[in-house]
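In what follows, chain A forms one complex with chain B and a second complex with chain C.
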Partner chain A sequence: MILSIAWKNIWRNKIRSLILIGTIAFALAGAIFILGIMEGWMKERNIKIIETELTHIQIHNPDFVNNFNIKDTITNGSQILSQIKKLDFIVATEGRLKAMGMVASSYSSQGAIVVGIDPARDAEATKVYKYLADSNSKWLDQVKRQNVVIIGLKMAKDLQMVNYIITETTLLKLRNLRLPKSLITKLDTLKGKKFHTTTKFYNALEQVLTEKEFDQYADLIANSCHSYKLGRKIIIRMQDINGNVVEEAFRIIGVYDTDNDMFDGMYLFVKKSYLEKLLDVPPGTVNEIAIITDNQKEIEHYKAILKQKYPDLLIESIFDMDPTMRVMTSLIWIYYAIFEAFILFALSFGIVNTMLMAVMERTKELGMLMAIGMNRRRIFSMIMNESILLTLTGGIIGIIIGYFLVLYTGHTGINLSKYAQQGMEALGYSAIIYPQTSPMLIFETTILVIITGMLAAIYPALKALKLKPAQALRTDV
Partner chain B sequence: MAVIEVKNLHKIYCAGEVEVHAIRGIDLKIEQGEFTAIVGPSGSGKTTLLNLIGGLDEPTEGIIIIDGTDITKLKDNQLIDFRLWNIGFVFQAYNLIPVLTAKENIEFIMHLQGKSKEERNRRAMELLKEVGLADRANSRPSQLSGGQQQRVAVARALASKPKFVLADEPTANLDSVATKNLLDLMEKLNHEENMTFIFSTHDSRVIEKAHRIVRIEDGRIVKDEKVK
Partner chain C sequence: MKRAVTILFATLILEVAFCQDATDIVHRAYLKMEGQSQYAQMTMQVVRPKWTRTVRFKFASKGTDYALVLITAPAKEQGQTFLMVKNQMWMYNPRVNSLIKLGPSMMSQGWMGSDYSNDELMNEGSIVEDYSHSIIGSEQIGDRDCWKIELTPNQDKNIVWGKQILWIDKRDFLILKAELYDEDGYLVKTQLASDIKNMHGRTIPTKFTIIPEEEPQNQTIITIEDIKFDVNIPNSFFTIQNMRRGMNINFNF
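Right after this comes the complex of A and B.
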């Protein structure tokens, strides 16, 4: 009955309550949406990092990590690999042969990490094949040739292997991204011209655009009109196990793009058997074992099991290799809580104010309730309930709106490439965000809303408790 | 045995820096089944006396014994509980809970007493019938006239089965028809159920109905007479 009275009391001043409910709903919908963007952003980045580079757990010869020397392989690597495959928590594992090298095209050269992997896609830990940039790109298992390579789009650009040509389709694409009309007109002057290198294209852009336009849009324009030709060759130069420099031409059969410039500009993938021959190492040599487990939350536990089994090897979890992952996966809820707490703290002033008004204008009624025998505990609980119900109503509406906003934009994606493609991809984030939300976030928000409602009610409730029935009854409000 | 026994009661208020001696040594006994009016001019101390008897205010001096319990010794929460089980209140401004219906208002006090839903429902309907408002059970106070609201207030006061009912100027806001109806109702309840009523008033229509009239002036009883 107290709960029902509390609920009815909320609606005594409909406009006041609706304004507060609306404010809470609006603020929380915004919070859920913003956190949804963050969550989507991070999860996507995490998945990419796991799938393309770090996996869940990696095993190395401890010396390899320090100096990246091809000699520091994992002793009995293939044996260990087959033992690990039998463990029940392993979903996928693969032995990699990694070497530092130089890669050169006809125009440019740079350092690179050459990763030799078993080309078969099934049950392998590396899933870079999921990020092939175009439908003509092939994965290593689709060609019989041995000297083939998959490179990142960023590397292709850096090696000046990407052509740029502004076509009508490019302009249309840019128009759809709502780029300024004046900019499109300027680009129109470049229409049809083919630029064979990134440098040349950027130079041409610099000529027609203002400095500000160039800084803001050059990367976006470049990404909308680039093309590359598969089948071209690059030269990879490495040191073999004997310290001799070896050099080999590889044909590019695929280009991948994970939106992470650091990765895409550095890693190239070749067939492991061919790399073994080149580096003059025995077949089956591995210097990195990459593991995907069945449960990301148990990684540390699985790592401990492996550590016990192979005490001489360096066994690292993804959290050791990329400490930001630990922050993002296990501590992120603290960040969410702090973010929401700030919003709710700001809202609590409004709630305190509303509840205080509700108490003050009901002084006489509260006096009457005390007079007829409603004790202080019940009065306190009635005001507390009112505040919680009021806050929760706004909170639930906000959570629902925020949730559907996340659901909708999670489906359509939010394209930020117009504003910050380069900056975000340089940090390893995609410029198109697909917001996500988690039950944890919803649960956390609901709990925080209830706590806010309770805390905001304390002052008005205490104020009510201080009333003396005889005096309160005499009040004329 | 007296239901209410007041001995040497004093109440001094501090109004700013001025001390107001509202009650100056009152001794009063009220027996079960009395129908007593406390009368006197404005500011004579009627409401203060009623508030003290009802445990809504603390005396500066003196004792108030209700049904054998000295309520001046009770702690705040005990006093609230004591009021809930022993005293029925009818206020000048009706003071019903505006968000509840007439029936719910009557049930509310029984809810506080922890009575079962069936019992609450049965007694609330009984009382509504008794005060002649059975057909308005589901009306909110705002949908009732002043007289009807005051009758609901009387029903609420009786719902907890109190030892006595205190009514502070119950007819002050009522027209003469509503006043007559209310007084008839209270008199009937007094007569049929032997319910003790004590009301403060300066309404001559109420005074006429009273069986005992206690006249107060300047915080002192100046006259105490049984008229019926």
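Right after this comes the complex of A and C.
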């Protein structure tokens, strides 16, 4: 009864209510969209970190993490591995052989972490194969040769294992990114020329572009026209289990790109069986066990179970290995709430104002209602309901618009590479964002909208309660 | 039929002879700069477009397993020593009295700011054993007539280069120029040798210039001021105790 009166009251002044609904809808659509971008960004990074590097839980020999010595393997590694595989919460588990080493090409050499893994994809907890940079790149199971390696894009660039050639397709791609026309014309002069090192290509770019254009677009241009020198040789040098230095030539069969320069510049993947031979360790030796569980929320619980089973081993969850993950998963909701609270706080002034106007112009009517016996509680709840309905209508429209906006851009992706590719990838974020939203976020927003509506109605409702029926009846409108 | 066989045989012999010849030339050139042990005093100049840096050092080595380097200039780095024993490397800094064993990540840094990485210094492959050689021509470098020899790495060898081309002086078997190519056949860097002098009985070039193809303005120039081959150095010379003595290390062999 009160609810339907409240709803009818809202539409007595259509324009005023619609303006407020529109404001709320607009603000919330924006909030949902911005939070969607953040959510999409974080989720993608989290998934990448889980799939490529940290997984959910990792097991090491406690000494291994301190000095990365190849001698500190997990005793009975293969046995433990098969025991863990049988646990019911395990989705995938993988034994790795990791070693520090040096990698060298004709152009330069650098430090690297060599990861030996089982080439079969379904056996893997790591899914780096999902991030192969182009269709020519192969994964370890597609090649019979033993001495093959998959390196990251950053490392490929550092070792000068990348060719650059500007073609018509490149120019088209850049045109689609809405780069300035004058820039494309300048690049046209380089069309068809092949550059076999990054330095050469950048030098050429520096000559045709202005300094400002070069700073802003060089990386973007480079990334849109490179191809990898697959099949080329790099030399990997490591210490074997006896402390001797072993070196071996590996052929690059694939390049991966996880948009995380720190990872892509450091990790390279080889066949585990071959690495075992090189390092002179018995087959089946493992110094890292990586585990994917069935529920990310239960990781700490699963970790405790494993810890009980293997007290001598160092068992770490993803939150131990990367504390920012913990922040992202548990604190992000507080951040979202604060963000929305600010927007809703600003909106609440508008709501208070509108409701106050609604109360003021209806003084006589309210006096009449009181006079015919409507009690104060009902008056209060009527005004409260009006405010909540008004806010909620705007809120729901806003959430729906925001949701579809997120859905649409989540499908097409928002490409920020034009502005900040290098900076974001250095931080481990992708330059193309696919916004996402979650039921949790929608729920949270709805609750906050209702609360705002309620809080904003308190002052106008109190104002209404203070009216004296006799006086109110006599006011002229 | 008989003739065909003879011709075949002759070409075969020729080929083998030719090959051996090239290998022999490279081997002789290699021996020019090699000894059971050696002592040297050198200057390394790192040239960059905006600055130049000069480092002077004394150097002693024995076989391929032992080497010790003492920096004598600039004053800031004076007394720093590097010790290589087998595949390990240490660095000692007398100012802070700190001894550091160089780990894998430090090995990739350029040695004393040069284009040479610590890693490269320690792991030069042998131009004789790791490559097959063929003479591809003759060319004049300065006033010296040179063989132009192409080196292709042997299949199973761990060599980063696609090929090398060496210009070896016909009279004294000196490598006067070397071009290093990547696997795609692109030139990566050129090494030039000049200022041929007689050093304690050996005629050798004493100035080496390394020019990376990508950044020709970034050169590294090494000048040999004094070098002695096959000197008698005791194994005790290549120890951590000795490297800790810094400027007091006795290089009189």
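Side notes on the structure shown:
What we mean here is this: the second predicted complex is superposed on the first by the 476 of 477 C-alpha atoms of A that agree within 3 Å, B and C clash if a C-alpha of one lies under 4 Å from a C-alpha of the other, contacts with A are read in each partner's own complex, and residues count from 1 in each chain.
The definition used in the following text is that a residue touches a chain if its C-beta (ideal position, glycine included) is under 8 Å from a C-beta of that chain, and two chains touch if they have at least 3 such contacts.
Bear in mind the structure is a predicted one, so any value in this text is a computation, not a measurement.
After superposition on chain A, the partners chain B and chain C are seen to fit next to each other with no clash. Of the two partner chains, neither chain B nor chain C is touched by A:Gly36. Of the two partner chains placed around the shared chain by superposition, neither chain B nor chain C is touched by A:Gly402.
Using CA centres, the angle subtended at chain A by chain B and chain C is 160 degrees, rounded to a multiple of 10. By the touch criterion defined above, A:Met1 reaches chain B but does not reach chain C.
When both complexes are overlaid on chain A, the residue A:Gln110 reaches chain C alone and has no touch with chain B. Looking at the superposed arrangement, the partner reaching more residues of chain A, out of chain B and chain C, is C. Of the two partner chains placed around the shared chain by superposition, chain C is the only one that A:Glu247 touches, whereas chain B remains out of contact.
Applying the stated contact rule after C-alpha superposition, one finds that A:Gly152 touches neither chain B nor chain C.
Taking every C-alpha of chain B against every C-alpha of chain C after the fit on chain A, the minimum distance is 79 Å. In the three-chain superposition model, chain A touches chain B and chain C at no common residue.
Contact residues on chain B toward chain A in their complex (touch as defined above): 51, 54, 56-57, 76-77, 80-81, 83-85, 89, 91, 93, 95, 97-100, 104, 107-109, 111-113, 156, 160.
Chain contact summary for the complex, chain A toward chain B: residues 1, 5, 8-9, 11-12, 364-365, 368-376, 378, 468-470, 473.
The touching residues of chain A, counted against chain C in their complex, run 100-102, 104-111, 160, 196-197, 199-200, 203, 229, 232-235, 237, 244-245, 247-249. For chain C in complex with chain A, the residues that touch the partner chain are 87, 103-105, 107-108, 117, 119-120, 123, 157-162, 180-184, 186, 188, 214-215.
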